[in-house]
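Both complexes below contain subunit A, partnered by subunit B and then by subunit C.
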Partner chain A sequence: MRRYAPFLLIAAMLLVPEMAHAARISELSESSLGGRALRFFTFQDASLRNALLGSMLLGICCGLTGAFLVVRKLALMGDALSHAVLPGVALGFLWNMTKDPLAIFVGATLAGLLGAGTVQLLRSTTRHKEDAALGFVLASFFGVGICLFTRIQNLPGGNKSGLDKYMFGQAAALGQGDVMLLAVVTALALGLVLVLYKEYALTSFDPGFARTLGLPVSILHYSLMLLLAFAIVSSLQAVGVVLVSAMLVVPAAAAFLLTDRLAWMLVISALFGMASGALGAFFSFVGRNMPTGPFMVLSASSIFALALFFAPRHGVVTRWWRRRSQSARIRRENTLKAIYRVLEDHGFRTEQVSLAELAQQRRVTLEEATKEVAELKRTALVTISPSGEPALTPQGWQRACEIVRNHRLWELYLTHAAHIAADHVHEDAEKIEHVLGENTVRQLERRLNYANRDPHGRLIPGIEDIRAGTATMCATRVPGYGGAEP
Partner chain B sequence: MNPEDTPLEVHDLTVAYHRKPVLYGIDVTVPRGQLIGIIGPNGAGKSTFIKAVMGLLPPASGWVKIFGQPYKTNCHRVGYVPQRESVDWDFPVSVMDVVLMGRYGHLKLAQRPSKKDREIARECLEKVKMLPFANRQIGNLSGGQQQRVFLARALAQESDLYLMDEPFAGVDAATEAAIISLLRELKSRGKTLLVVHHDLATAREYFDSLMLLNMRLVGFGPASEMFTAEKLQTTYGGRLTILSDVVQAVGNQA
Partner chain C sequence: MSGLIPEFNWREVVVQPWTQDLALTGWVMLMGFLVAAACGLVGNYLLLRRMALVGDAISHSILPGLVVAFLIFRHANTWIMFGGALAAGFVTVVLIEFIHKQSRVKPDAAICISFTTLFAIGVAMMSVLETAGTFHIDAECVLYGEIAFVGLEPPVVVNGIELAPPSVMRMGLVFLGIVACVILFYKELLVTSFDPGLARSMGIRPTLWHYGLMAALALVVVSAFEAVGAILAVAMLIVPPMTAAQITQRLPARLVVTVAHALASAVIGYHLSVWWRCSAAGAMVVAGAGLFVIAWLGTAIRTVLGRRNAAASAPVGATMES
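Let's look at the complex of A and B:
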């Protein structure tokens, strides 16, 4: 943000006197918040309908173009172009000293294309890479624009020009012409993406391969850049020069977190853009003619934050939750294993395990052991006697056997097949035991010829032992369960 | 001569990066139905060569003909496997989407892939044993699997001449064996394959002919003729110790 500070300061100074000149809508609006919200939803006046419609169209076309920018890693291009159009807006206004949408559209588009051309020129003729070229174009064009704007403000009648709305956006100032323009550009964007989806997808993913197929890669690229310029320029009035890039990038970035199919990303991005546009227009209206741009961007960023935290696969919270439940499972399995070890030490002659021994085996305090056992009871893996001693349920016994078997098979595999020393394998098995699948276990068993002793000489529980349960086990199998004693 | 018998003819091809030539005056005529390895040290211009053939890099001089015509005319007869690092594997596409891209050369602008294209793509995925992964996002694959996806995409192109840039880079031995048998099958169906390869030890076993490159064409011909200490020394420049080791290793193998 520091980069922008001087420009923002100038912009803010330009805006302050303008705040006094409330736009038309607020003059006739209700004073209470609820009243204004009601007005918003009943679409009573035409300018409000324009504002809402325009903002939603803007969201769609920015969302669509933005999705391609993000997957092409050109997000900063949107930023640079949106700033580069500013001098064009000013010149378009100077053309006949009115806010003629067409003159401003033409001026801004030309300035945007000049900016894009400058980036291309700097990249191909100097040693500079794209980032430096983008930074240069962004700042210098924006600087020129600000100077021209200040100039216009100082002209007679200039401070009523309404040009300041181009800085941070004012959906309420959208006229019929602006909305028509947005509709045309959105239709163009939708049409191009629908018709040339396959080509845009391929040239975004693998431009080299696309060229070997004979596809007109540069024409496709420039058509996207032209579309981008159109999207930016037609959105300026509603969202503003400074923040239009956010409407290009943020909905698309949020969509990218939610899906890994390009077609869906386009759809979701357009929907998010539309929702952000509508929300921005709403808050701007309810908040008495606050600038629309910041509200749109706040809405879009909120959607992004939700996606970032709660996306089903890539979400921060969902990942954290998955990790948490996984570590809870590992803790449960370690407790089960410890119970098994205690039973084993007693030759499986009892079913109850004393808490003290369990705590000793788990290397935890009595209190912690009590908690872990309570957790096992909650998941029906143990029952607890009145004296507080746990005993494995059939499911608990089965799971404990599986874990111990996984652990010992893996140790055996490491020592036999990978020739790792017996005293090096325990740590590794501690991790692997929780992730071995049934198929891998079968493979390990075959590979190890159904061996029944681990490298430390302990017995590896087999399938029969799991089926048999503790009671049968101590009666019939000990010692030498899980097959014949070697 | 029948143009069908010369899938690729390159005449005096010179390519420069920032005015520094990387390839000088390459003259080569590639016969049909062969599996050809392009070998040479790092920076010898192996990738540059196949990129220049397809017009991805502008030549400073010379020309390229594919079945007797300029590349643009016959681009649909050329299949390409780029290096794996050349794309972003986080890109939101599925394995199936990528393989379908191989069909785009046969489709008109704005034309959607048909059911038949999908069927071809499925068959190609099956050939590289990747059909079970068809709906995966491409980032959720191992390196060898990603390489096989690229290979399936090239198969879907149904071309007559294939150019492959290091298809064996970063794949395990099993995948390498599977790929080479696939390439041999293509060759037996009359296709011509040019494969950039970096492993001298396997080069003689894998390829019918070798193209030795080190900024210029050192030699092109049957693998047995190319594998002489003299030719390899010229190709690999002054690094004689490495070279003699490898030549000896290969000699021991044979």
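Let's look at the complex of A and C:
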């Protein structure tokens, strides 16, 4: 059941545009920006409803197909095929000299498949690489398309108006037929993905393994190419030849940044596609007959930029923030360790540590030491006396003991178990002390037979010392495992 | 569907362009050749570096640069446009690197995202400006231009002698510049394209030459843009070098074949456009692609024949053995 949850979500998403379609019809003509925005949100225009419904369906359909393109590293295939369908559009128009959606659909699909086939043929019969094959198909098919288009402009008769919209898209020009076509293609894409989800996932990530399982890898590849051609062709009217590839790749890439699971990637990608479709239709409508394609793509790119910077795990800003807080933690722990060392040098007779000694231990200037201590106070790890000398709080003492224990146990482990010379282990321990977890430390203690001195002869603080809570209470006993050995 | 291909009129299609119309058609064919040859020479190195689609990407993404440059300076001087395009090209390269390095998005998707976004910005700016009445560039014209107008431009006059139309002059200069660079920096371009490691050990910096190549790419695309549209430039970055690679393995020979291919596709393409009454740039692309297909079939037939010869000689040896 869990497997189908994402797809149920997509089905629910399909309902939203459907509801938009059911809204009330009335013919008003506000010309102010606010008025047009209001009209957009109240779905009062029949043509607007077509445009919005079409754009959202387009986003879902492209998002679903594009997700597979992105995980299969075929992003540029989308670009090449979207240019390659152009001659098909022209031939579809020439069929009976009108903008018959079905004829254009069939012509463009055939052209797209021919393009995909040509790429495959070039790859298998020549030494040209993928990029050259894609580039050749893109350029030559587009060239043929330009020839046909300019030829059509010079032909007598026929209803040529609106044919230029195939370049940059005009969602407002979507007719009932176009929307029906989009709905059928979206349903097809959804059905295919639902039924063949496992097969597509497997062939996308490990074609070799899929082949050993007896899956028809190349048939699956071509079915995906067919779906891609369908998605491109049905989107042409709304987004245009040049920018279809963006609607295929950009929402999917944004989804790729947000999740590691293919099923969720499909859902998020479809959702982003739908949102950018709706936003594109909105801006195109509010801005009076702007081409829809660019605004759709800009909406999708903004979503991608947000994901790129703020994705919870892979975002640039989130990663930067995580790195920053991690290095701040390491700095704090190093200061704590230095305070421990100073206390240790004084035989744990006092709680207070002089700043000068701390600075010397940390090998920093007095100002920097003061700043570091202030940082510790901010996180409640030390208290500062009126004379400016820090003393560890119970939490501070506990963390300091843990860090020193991690450091010394690791040094001991390296000299004992890995037989590394005692003077070569410090650098490594400096790094690992910040990441060792409690369980690993317990394991190390057991391995080292609860030894209590590190390779340099210093005592290793033990559980009792940590529990003692303060340095002076610890000083009543000798720190380490001396008496605690089982 | 009938009447799509007009009747072939020998006089109109073949004779007239070389006789009474030569003053006009000559410039168109020369311009087509210059664009195709300059793009083809740069394209050879792109093909070697497996960057064939970068030409397509750059030619789309320089659009916002052109629009911004035009907005700032209010007139369409080549060098201003070139500056804008170069800046936009630089932004593209940086954007691709940033997305690719800073996230787990693969390079192909990064390329696709960067150039489509920039192109969308360009088109959106153009349509907003057009609605506001500031600006009139036909977005489609940018894409597939109209090379046939080249011959109608008033020619540049120096000391009372009529030279070429200005766009042909500029493209000629660009072509000569590219040729000079290819000859002067032959070794550097060769080494950095084939073996960046060796180049580094020879004291040649591959990154520097990479950016140099990108700048040359931006230059040829921009100068082609103005007169003939992006499609001819994009196609000629890819098709002539691929044809040359089909015929020969040696780089100098490839460069020569590229120029020959450019000449052939410009001349044949122009005649096709006269015959079919369609865009000359589009027809030149079709002619170039047709030449590639011929070269492709040629090598395929040669391979098949070679295999048959090998198969024919093998059984003889086998019977001798037994």
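Please note the rule applied: the second predicted complex is superposed on the first by the 432 of 486 C-alpha atoms of A that agree within 3 Å, B and C clash if a C-alpha of one lies under 4 Å from a C-alpha of the other, contacts with A are read in each partner's own complex, and residues count from 1 in each chain.
Throughout what follows, a contact is a pair of C-beta atoms (placed from the backbone, for glycine too) under 8 Å apart; a residue touches a chain by one contact, two chains touch by 3 or more.
Keep in mind that this is a model prediction, so the values were computed, not measured.
J.: Could you tell me whether subunit B and subunit C fit or clash when both sit on subunit A in the superposition?
T.: With subunit A aligned, subunit B clears subunit C, so fit.
J.: Applying the touch criterion given at the start, work out whether A:Met180 contacts subunit B, subunit C, both or neither, answering first, second, both or neither.
T.: neither
J.: For A:Leu213, select first, second, both or neither according to whether it touches subunit B, subunit C, the two together, or no partner.
T.: It touches subunit B, and subunit C stays clear.
J.: Tell me which partner touches more residues of subunit A in the superposed arrangement, subunit B or subunit C.
T.: Residues of subunit A touched, subunit B against subunit C: more for C.
J.: Under the stated touch criterion, which partner chain does A:Val441 make contact with: subunit B (first), subunit C (second), both, or neither?
T.: neither
J.: Tell me which partner A:Leu226 touches in the superposition: subunit B (first), subunit C (second), both or neither.
T.: neither
J.: One more residue to check, A:Phe205. First (subunit B), second (subunit C), both or neither?
T.: first
J.: Tell me which partner A:Val195 touches in the superposition: subunit B (first), subunit C (second), both or neither.
T.: Once the two structures are laid over each other on A, A:Val195 reaches subunit B alone.
J.: Examine A:Leu110 and indicate which partner it touches, taking first as subunit B and second as subunit C; both and neither are also allowed.
T.: It touches nothing on subunit B or subunit C.
J.: Contact-wise, after the overlay, does A:Met265 reach subunit B, subunit C, both or neither (first, second, both, neither)?
T.: The answer is first: A:Met265 touches subunit B but not subunit C.
J.: State the minimum pairwise Cα distance, in Å, between subunit B and subunit C in the overlaid complexes.
T.: For subunit B and subunit C in the superposition, the minimum C-alpha gap reads 9 Å.
J.: Go through subunit A and flag every residue that touches subunit B in one model and subunit C in the other.
T.: Correct list for subunit A: 73, 256.
J.: Which subunit C residues qualify as touching subunit A in the complex?
T.: Touching subunit A: residues 1, 3-4, 47, 50-53, 55-56, 60, 99, 102-106, 108-109, 111-113, 116-117, 119-121, 123-124, 127-128, 131, 139-140, 143-144, 231, 234-235, 237-239, 242, 245-246, 273, 276-279, 281-286, 288-289, 292, 296, 299-300 of subunit C.
J.: In the complex of these two chains, what residues of subunit A are touching subunit B?
T.: 71, 73, 195-196, 198-199, 201-202, 204-206, 208-215, 256, 259-262, 264-265
J.: Using the touch definition from the top, list the residues of subunit A that touch subunit C in their complex.
T.: Spelled out, the residues of subunit A in touch with subunit C are 70, 73-76, 78-79, 94-95, 122, 125-129, 131-132, 134-136, 138-140, 142-151, 154-155, 164, 167-168, 242-243, 245-246, 249-250, 252-253, 256-257, 287-291, 293-295, 297-298, 301, 304, 308, 314, 316.
J.: Quick one: in the complex, what on subunit B touches subunit A?
T.: Touching subunit A from subunit B are residues 51, 54-56, 72, 75-76, 78, 80, 82, 86-88, 91-94, 97-98, 101, 104-105, 107, 109-113, 137, 139, 153.
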